[in-house]
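Common to both upcoming complexes is chain A, partnered first by chain B, then by chain C.
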Partner chain A sequence: MSVLAAAADSGLVMSTAEQWLFWTVGPIVVLSASALLFAKRAVVTACSVMLTMVGLAVLYVGLGAPFLGVVQVVVYTGAIMMLFVFVLMLVGVDISDSFVETIRGQRWLGTLFGLGLLAVLGGALARATFTQVIGVEAVSDGNNPGAIANLLFSDYAFTLEVTGCLLIIAAMGAVVLTHRVRLTKKLTQADMAAVKVREGMRLTPPPAPGNYARHNAADVPALDAAGKIIEDSVPDVLRMRGQVHTLRGVAQDLLPAEVAPVDAAPVDVVVDVVVDVVVEAAAAEPPPPADASAEAAPAEVAPVDVAPVEEGDTP
Partner chain B sequence: MTVTAYLALASALFVIGAVTVLVRRNSIIVFMGIELMLNAANLAFLAFSRMWGELDGQLAALFVMVVAAAEVVVGLAIIVSLFRTRRTVSVDDENLMRH
Partner chain C sequence: MIGTWLAVTPNPPQADFSQDNGWIVAGKAVLILICALVSVIIAIWFERKVISRLQQRIGPNVRGPMGLFQLIYDAMKLLLKEDINVSRADKLIYIVAPGISVAASLMVFAVIPVGGQATIPFTDISTPLQLTDFPVAVLYILAVTAVGVYGIVLGGWSSRATYSLLGSVRSTAQIISYELAMGMSLVTVFIMSGSMSTSAIVGAQSKLWYGVMLAPSLFLYIVSMVGETNRLPFDLPEAEGELVGGYMTEYSSMKFAWFFLAEYINMLNVSAVCTTLFLGGWRAPWPLSAIGDGVLNTGYWTVLWFLAKTWLLMFLFVWIRGTVVRFRYDQFMRLGWKGLLPVALCWIVLLTGVRAADQFGLYPLNDWAVPILSWCVVFYMVIWYWPTKEPPSVDEPTTEPTEFDPLADGYPVPPLPGQKLPPSPRQTLAAAVAEVKEEQ
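Here is the complex of A and B:
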């Protein structure tokens, strides 16, 4: 800090230390920011923008604003970008940008506009003359947060209060915008149990993957005591995506040739019942692709008449 | 040279953010471009604050950060509720008010 503080007094020319800082951090900042333009996945973009924010915080400290550097790290990297990552997680991490142009030539026009803006800003910078750099060390007097606080609570007190109002309104706005009015009755655990008994659904937890199995991966169905495949032991998500592996792929020695994954029809019936009961789930979830079960079962093996697990067999 | 270098860096960051807003389709990435533009403005504020030897520029940057935080909260809430109803975050598909 003392080196940087001495550098700030040097007037129109950067000191060597500040040049090192600027030419080290500046390219990192620009390169990581350009991921906004070139990275396909939104998560990659968010991570590199975080790097940009941290680099900018280093530059802020070099510019004689250590308080703002810390605030930059805490607010931008710690709060704002984390919020972005949370929303990415909600929205779906693996969404990527579509590169189909709905407006013809929009990308070229946007790039052209950017180059024009760069030319305008660069031209203005090249023509401008700046005064001698005074440096904020004299004003800060070795206590930058204290100096900022003095100014904030004297000259900028009203602005501070208005900002507080803004933050409260923003917080309430976020709550209001994401609030959803419940249209149906909330289902309790007792309701779900009653529905399961009434509809003859499974009352016990589904069998875990790996019961009597030769493989402990979640996408490989378990076997019951008779060596038959328990379809329910694979999570619903994997079944809907069609990512269930067959036992034929992992334990060929175990299975006779005619044993094949059972047809997923009983599972679909159960899913339909649940969807009928839980009405709001139907509004939130798109219907699973119709060919998911077809992809799960290989075409060359014939379906066998094995029910996944006896539904009414519970004691 | 001191101020000019920082302002050139701020200009580059601002242009990257602006082109991001114009070119990208994912509304979350567009939002990050807006954040980058705000940060470029903050960098310019701090450079000028040091040039004049006054702390008002630093306070302006502080208020920009506060406003950016409020903006992100509301904007991301809008994106989440749009995604809930439309199942997409692409800015091309948010044309419900046009039809």
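Here is the complex of A and C:
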């Protein structure tokens, strides 16, 4: 009797619903798994792995192994991939791979182990294809986690212990390798304040960025009383990236189109021009005076990337 | 003898879905969806009202009775705002991320038993007030929650902004840290009930709620549930004071509303899970459950108890928000890894030991053994973590009095303890005058 016929006899062929599930989820899993190889961005790769895991979980649940499916998502998607994403975000996402071999003969070893894995997977596939299958329902008896627990803690107890030891050793290794003996005293808040006083550093927080109602953004430097730019008011990160808005850009936005570019003018002149324009606009307004300041402001709203702030009930 | 509550074999789900057909399942699913969305609207109004009472304000009171319609105005305002897409964002992920959050948060209620067995009005069909249940339902909740976090993480990353990225990095760390404590508090429930199915867990609490029997687990769960939902005092991923809005800084209008929605549904979710696992689920509280031979534990009455318990927990959320200030990041991590996790681990080992001693017949337990043990653990925890009032430190000069330098380090400073003040000019003058008088 052929395997397929035996399977049909025991009611183990795929139902229509199961086939629909397989042919919907299967391609998604394969596509997202290949995105792992071809995607350029590390975070996109991580996302595709996540999608693969969830797709596989759906297939497991469809095959009558809910425990495996759900644990797959909890452990791999929820914890391990999350750790990967965490590291990717901390390290920086677009660092290209280095192809330098750090271990000698790494490629040959890699190929060898790869072939070994292929052989193991092939063996598993062959076993699943050419032997008599009885189905998950028959072994798990309607209580999938209970059946797995019985197996794990009887036949595979030793394997489980060994795996547990391996994981603990790995965790200990990570702790030992990354441990760093602190050579100096940890600075407290009071210590840092004392250092600031001693070194003559700024004691207060830096001035807030932004000027004028239109440019209340983190990348626009504040102006001091003389109209000079206060460099410190823009966060260090933006300054290092060179993303600071210049006052000239701000002035150009404020000025009417017919006025010449202010690129060449020195800062003081630019400030004078801006002040003149605003004052003139305010003076030219007809009464009532209460609305003058509001209408003096430019009519169009600048596209500033700031999320709407809820009034009082932001979570 | 093995106690009657403790004698547990692996439990299959108890809810009986045999009379459900496709229409009933679809109807339940739609009902869950509608109830979740309506509950969110009520929750927002509830939160604003309660928090304003806590802050001695009145809260929304202009639109509609008791300000009830205020939330409609709020929702419309949110939806009609300009939808701004960040031009440098990673478009696909930027748009999909809020969807992941909402979808995942809506999936949790599928396995929550909102009530016991009830008959559908005008029919003979008896069905559990629960969409579905399976042997690993609680693990399913953990899995869905884990996927939902990706919405926050990817949303923050794809915005390509500093604050957003910081928010999502914090969120990943927060979830990894607090899911451990949460998972472990759930494991104790699995150990006692012998099941991971929600209906079986509710069934196992007919004598005593797990919140009473496993009190340390309840406390661990409540702390970690606040951490999981990013609520004050653990709202570090969106801390307004530090990160503007964290992961949702660059989101506006509808996409922002989706994150907002997901957050409130998640609050309801964790409250419902807490109710199901620790507070007896849909069972009536004790004096009520004794009335009329347990008539209040049947039919649609059960929904009332479930909702009452869930909203009590929602009140707890708001109460905590109105009372406690935000943790600093390192304090938060220390609480998770050095506070909750060791306590959870020790508690699991203790409970497993007791359970094994009972199960293998080494030391058969009384029914009250586990509750007494757990309250002893709580008592010990309270004593251990009770903040001790340190005796006021006496500033004793350890060295000889040093000379006081009024302009130390270039700043005018007051004398420090133990520093000898130079005699004041008046004292010097007085001493001199006294000396002269004495001579005369």
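Heads up, the rule we're going with is that the second predicted complex is superposed on the first by the 187 of 315 C-alpha atoms of A that agree within 3 Å, B and C clash if a C-alpha of one lies under 4 Å from a C-alpha of the other, contacts with A are read in each partner's own complex, and residues count from 1 in each chain.
Going forward, a residue touches a chain if its C-beta (ideal position, glycine included) is under 8 Å from a C-beta of that chain, and two chains touch if they have at least 3 such contacts.
Note that the structure is a prediction, hence the values are computed from the model and not measured.
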What is the contact status of A:Leu90 with respect to chain B (first) and chain C (second): first, second, both, or neither? both
Output check: A:Thr163 vs chain B and chain C. Expected answer is one of first, second, both, neither. What do you get? first
Per the contact definition in the header, classify A:Ala79: touching chain B only (first), chain C only (second), both, or neither. both
Considering only touches as defined above, state whether A:Ser32 meets chain B (first), chain C (second), both or neither. neither
Output check: A:Val237 vs chain B and chain C. Expected answer is one of first, second, both, neither. What do you get? second
Report for A:Val71: first if it touches chain B alone, second if chain C alone, otherwise both or neither. both
If touched residues of chain A are counted for chain B and for chain C, the larger one: B
Where chain A meets both chain C and chain B, residue numbers: 67, 71, 79, 83, 90
Of all residues in chain A, which touch chain B in the complex? 8, 10-14, 18, 22, 26, 29-30, 33-34, 36-37, 42, 45-46, 49, 52-53, 56, 59-60, 63-65, 67-68, 71-72, 75-76, 79-80, 83-84, 87-88, 90-91, 95-98, 102, 106-107, 109-111, 113-114, 117-118, 121-122, 125, 128, 130-131, 133-136, 138-140, 147-148, 151-152, 156, 159, 163, 166-167, 169-171, 173-174, 177-178, 180, 284, 286
What does chain A use to touch chain C in their complex? 41, 43-44, 47, 50, 54, 57, 66-67, 70-71, 73-74, 77-79, 82-83, 85-86, 89-90, 93, 142-146, 149, 197-198, 200, 235, 237-238, 303, 305-309, 312-315
Chain B contacts chain A in the complex at 1-9, 11-20, 22-26, 28-29, 31-33, 35-36, 39, 42-43, 46-47, 49-56, 58-59, 61-63, 65-74, 76-81, 83-84, 87, 89-90, 92
For the complex, which residues does chain C have touching chain A? 10, 12, 44, 47-48, 74, 78, 81, 84, 86, 90, 93, 134-136, 139-140, 142-147, 149-150, 153-154, 157, 161-162, 165, 168-169, 172-173, 175-176, 179, 196, 230-231, 235, 238, 240, 244-245, 248-253, 256, 260, 263-264, 409-411
